[in-house]
Amino acid sequence: MRTYTQQIAKAPLSAQFGLFVICVYVFCALFAPFITPFSETEIIADAYAPADASMWLGADNLGRDMFTRLIYGARNTVGVAFATTVLAFLIGGTIGMLSATVGGWFDQVMSRTVDILMAVPQLIFALLILSVVGTNTVSLIFVIAVLDATRVFRISRATAMNVVTLDFVEAARLRGESKLWIISREILPNISAPLIAEFGLRFCFVFLFISGLSFLGLGIQPPLAEWGGMVRENAVLITFGEYTPLLPAAAVALLTVAVNFVVDWLLHLSSGLKD
Amino acid sequence: MNVLYKILAERIFFGLFSLFAVSVIIFFAVELMPGDLAEAILGQSATPENLAAFRKQLGLDQPAFTRFFSWLSGAMVGDFGVSFANQRDVADLILGRLSNTLFLAALAAVISIPLAVTLGILAALYRNTLFDRIVNVSALTSVSFPEFFVAYILIYVFSIQLGLFPSMSSPNPDAPFWDKVFSAILPVMTLVLVVMAQMMRMTRSALINLLASPYIEMARLKGMKQSRVILFHAVPNALAPIANVIALNMAYLIAGVVVVEVVFVYPGLGQLLVDSVSKRDLPVVQACSLIFAVTYITLNTVADVISILSNPRLMHPR
Amino acid sequence: MTQNTNDLLLDIQDLHISAFFEDEWYEIVKGINLSLKKGEVLGLIGESGAGKSTIGLAAMGYTRDGCKITKGKVLFDGLDFAQANQKERRALRTVRIAYVAQSAASSFNPAHKIIDQHCEGPIQQGAMKRKEAEANALDLYERLHLPHADTIGFRYPHQVSGGQLQRAMTAMAMACKPDLIIFDEPTTALDVTTQIEVLAAVREVVNEFNCSAIYITHDLAVVAQMAHRIMVLKHGSLVEEAPTREMLSAPKEDYTKSLWSVRTLQSEVRRVTPNEVPVVEVDNIVAGYGNVQILNNVSMKVYKGRTLAVIGESGSGKSTTARVITGLLEPSQGRILFDGQEVASDYRKRHKDDLRKVQMIYQIPDTALNPRQKIKDIIGRPVEFYLGLKGKAKEAHVRELLEMIELDPDKFMMREPRELSGGQKQRIGIARALAAEPELIICDEVTSALDQLVAAGILKLLRRLQDQMGLAYLFITHDVATVRAIADEVVVMRQGNIIEQGLRDDMFTPPHHEYTELLLSSEPEMDPDWLNRVLHERKLDAETSY
């Protein structure tokens, strides 16, 4: 077995680049207060004040430092998206594997419920629920996690199904093992690779989704710095030929590209091991 | 033929059932709100008498099920009730905007679907060549870009730097067709870029999956050209996955429409929906959600029917 | 093109082929020389990984994805495929070289009618017009004795049975009367009673059209009926080459003899004494899936220290019987008894001790073991679960079990299944079953995915363990030789019914049931004249019965 560092050293350039970018983002998210010259919501200049030595990217629509808010955005946007994805996997992954293992009416009911939930476009569903429960960060995380759990359910059930039919699982059943044993020892270790790759993809989706909602003014609420929201707040500048309002959007795109590169590599690794 | 009809009937029944279930969800999601509509609208300052009168006006004194069926039967004939925000008929608010949105979405679909499928087939055909790599990397990049980013880049380049197309887009209903197209060109380009990448990647991988089949090897061993292998042997078997890919991506189109309309200040259903959500104008939100959901379910059902009909095992049973 | 004076059609010289696997190139064909004259049929025989399919495809100028010819020449009528470009190679296919694949069911495109696929080659290669090609197809369907030859081509592949598809594929290969046909295990996926029909039909047309052929298979008895000359391959190298009769009567290499090792195994029948209580008995079982009834009134008994072999073709219900005994499939009628006591029909309702009594060994060793567990955990789990052993005691017991299956504990304890060969994996499966200290082990086609020598080793091991521990086996198989090697009693099943049952030696000596006769006589024998003889006998029988 090769160690992780050797694996990474052998990875294609795109995946190494992706890992590097992810590390930079995580660093920014964790140490935002130490990197930034100002605080997240501090007003330090006139609205849309141009860049100078202390404000590298100028000020935003309320006169806050754009650079500072860009760094804090990593904490808020990435943090919320990560929490949401983890929650979605806990819900969807557990129910999906259980459904595949138990089968019968439980599987029928869960699958049909998910079919119906998935029959509504996710954005529309989210908007509907958010208009009812109101837009705050906690409800945002829960609503999107539940909606996204449907996708996680589908994939974890499908991959688990492929394993459930194998003879070694039948052997464990016939031995009299509990469902918990079968899921945790027989199934999960054999589907972890595709699930990790899926985690990357779902994270990208949730991340884009949240910044999209925030852009519409319905996601993470001001004064918290959020990349989608920052684009919306400063969009006027674009019509004057300024590109700084697009930097938060570029930050979203860069991380998504990076995660996609890593996922592509992981998928390649796991498919290579199979045959 | 019996099996085929049975499966088709099941699928269509499930479509209808989904429609019903979705309308239940849309209606009762609102019921879950703490307090009730009257309190939400009038605020805490309202007197009990005012509240009672308003409840009566909204029909809230009726049981939920009665209200659901009257709402649903109204919705079926285009009556979605009255907006909270401005007391206008929801149907009036929606009507003009619906055709604007349909125009935008249809244009984007008509351009992106053939383009994406063709590019996907070509990428599979020229697998592992420079062309394939370029197509793949650009698809991966465009999948990674938020819709509003794509939209603003297009505005920045084509409208502000080059001055070619308008950055705001409000179609005049009486304008000639091509003028409408011109004014909608940037929003449509955005949607095409956003939707196409996914569709193309999935078309390519559906085909490449099939290329590992023994019957593809057999075709090669019969001396068939690569183009014939793809078009005659792989594509007919890929119809079902491709139809599903297209239907799936209509969800992105719907999400894209909402964002794009906001960016380009395009007077469509998406913008109305976003405005109404922030105003918590629930009847409008319900109406818009229902329209989007119905469209999506219908498309999905059609895609599944196509993939059932393209399965020779079902079309020609033993 | 130059015509060779000595009628040499195909001349492969020092062929080397490498395959790319997990970041490295491996040589899978190591310097093969092969020549084929016009009208000659050459048999390529070898076990899995011998490189026989790769060589067969190379003879068509085709290499699979991830494979490449690294050295040598493939001369077909003067053209070197190793040097030729894509267009030159393609031009010869269908017209002068054709291919018959192992599984016709997956090698016909499901989206097109059979006759359209037949006509595609000749039309696209410019050899025939549509009308001509269609007439050609109908003629060949007739010659290959396909039922409803005039209409069968207008069906889709899934509407036609496996044996018929295989013949339709042979017809497709014959379309342009090619000089060379590659048959790549064309009957391996078929039942024996179907196989014999396909073999007969194929041989008839090959002779009639006087084309050359390369016949690839792992079954020496089959190739003996088809080929003039045989090449035995192992790990990409030649073992020996000889005319068919010479090869069968006087093989030079031990490896060649090992290719029929299961056939050399014999065993004494051990009779059941009166009043003995069966370890497991099923009584009058009716079972099925949904509305489809699979088993009709099936009854059988397995006794301590004896082997009951259940033999039948695909769809006979033999595996379903096993699922009923283990409790995976609940019968709609009938009883299951362990040691004379009736047990619950659903495994979830059985006592742990009843679950322990019956263990399974599976057909495919790759999927029988959890790839994410070490050998010590795979075998250790039932030890802990049923016997309650932990820590040192558990480890010692696992070591003992590994020694019983003739694997070195020091070497194997910490390994993962993917580091093991197929035969070793199958032994681990046996150890896992033994760990439960069972009374009955159900062996579901346990040797059919294995090479002959390995299979013979497994059968001997099972036999020895049975003698030592008094185990009862329920042995499910489609292979007559395996039954001869291990069974005491035999049950013949067909379409969910028991056709006949009794002591093995009684069952194998006539008179027996018509179907048993068909099954036994369809099993190819190591005799080049076997096919002729059987076909002749059947013809006589058919004449006398009218």
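By written order: A, B and C. Residues from 1 in each chain.
Just so we're on the same page, contacts are C-beta pairs under 8 Å (C-beta built on N, C-alpha and C of every residue); 3 or more make two chains touch, one makes a residue touch a chain.
Given the structure is predicted, the values throughout are model-derived calculations rather than measurements.
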Far-end chain from subunit B, centres as C-alpha averages: C
More contacts between chains, A-B or B-C: A-B
Centre-of-Cα separation between subunit C and subunit A, whole angstrom: 48
Intercentroid distance (Cα basis), subunit C paired with subunit B, Å: 50
Averaged-CA centre spacing for the pair subunit B and subunit A, given as whole angstrom: 22
Residue ranges of subunit B touching subunit C (in the complex, touch as defined): 213-215, 217-225, 228, 232-233, 236-237, 312-313, 316-318
Residue ranges of subunit A touching subunit C (in the complex, touch as defined): 166-168, 170-171, 173-177, 185-186, 189-190, 272
Of subunit C, residues touching subunit B in the complex: 57, 60, 62, 64, 90-95, 98-99, 101, 103, 106-112, 120-121, 124-125, 155-156, 158-159, 172
Subunit B - residues contacting subunit A, complex: 14, 17-18, 21-22, 25-26, 29-30, 32-33, 140-141, 143-149, 152-153, 155-156, 160-161, 167, 251, 254-255, 258-259, 262-263, 273-274, 276-278, 280, 282, 285-286, 288-289, 292-293, 296-297, 300
Of subunit A, residues touching subunit B in the complex: 115-116, 119-125, 127-134, 204, 208, 211-212, 215-218, 228, 231-232, 235, 238-239, 241, 243, 245-246, 249-250, 252-253, 256-257, 260-261, 264
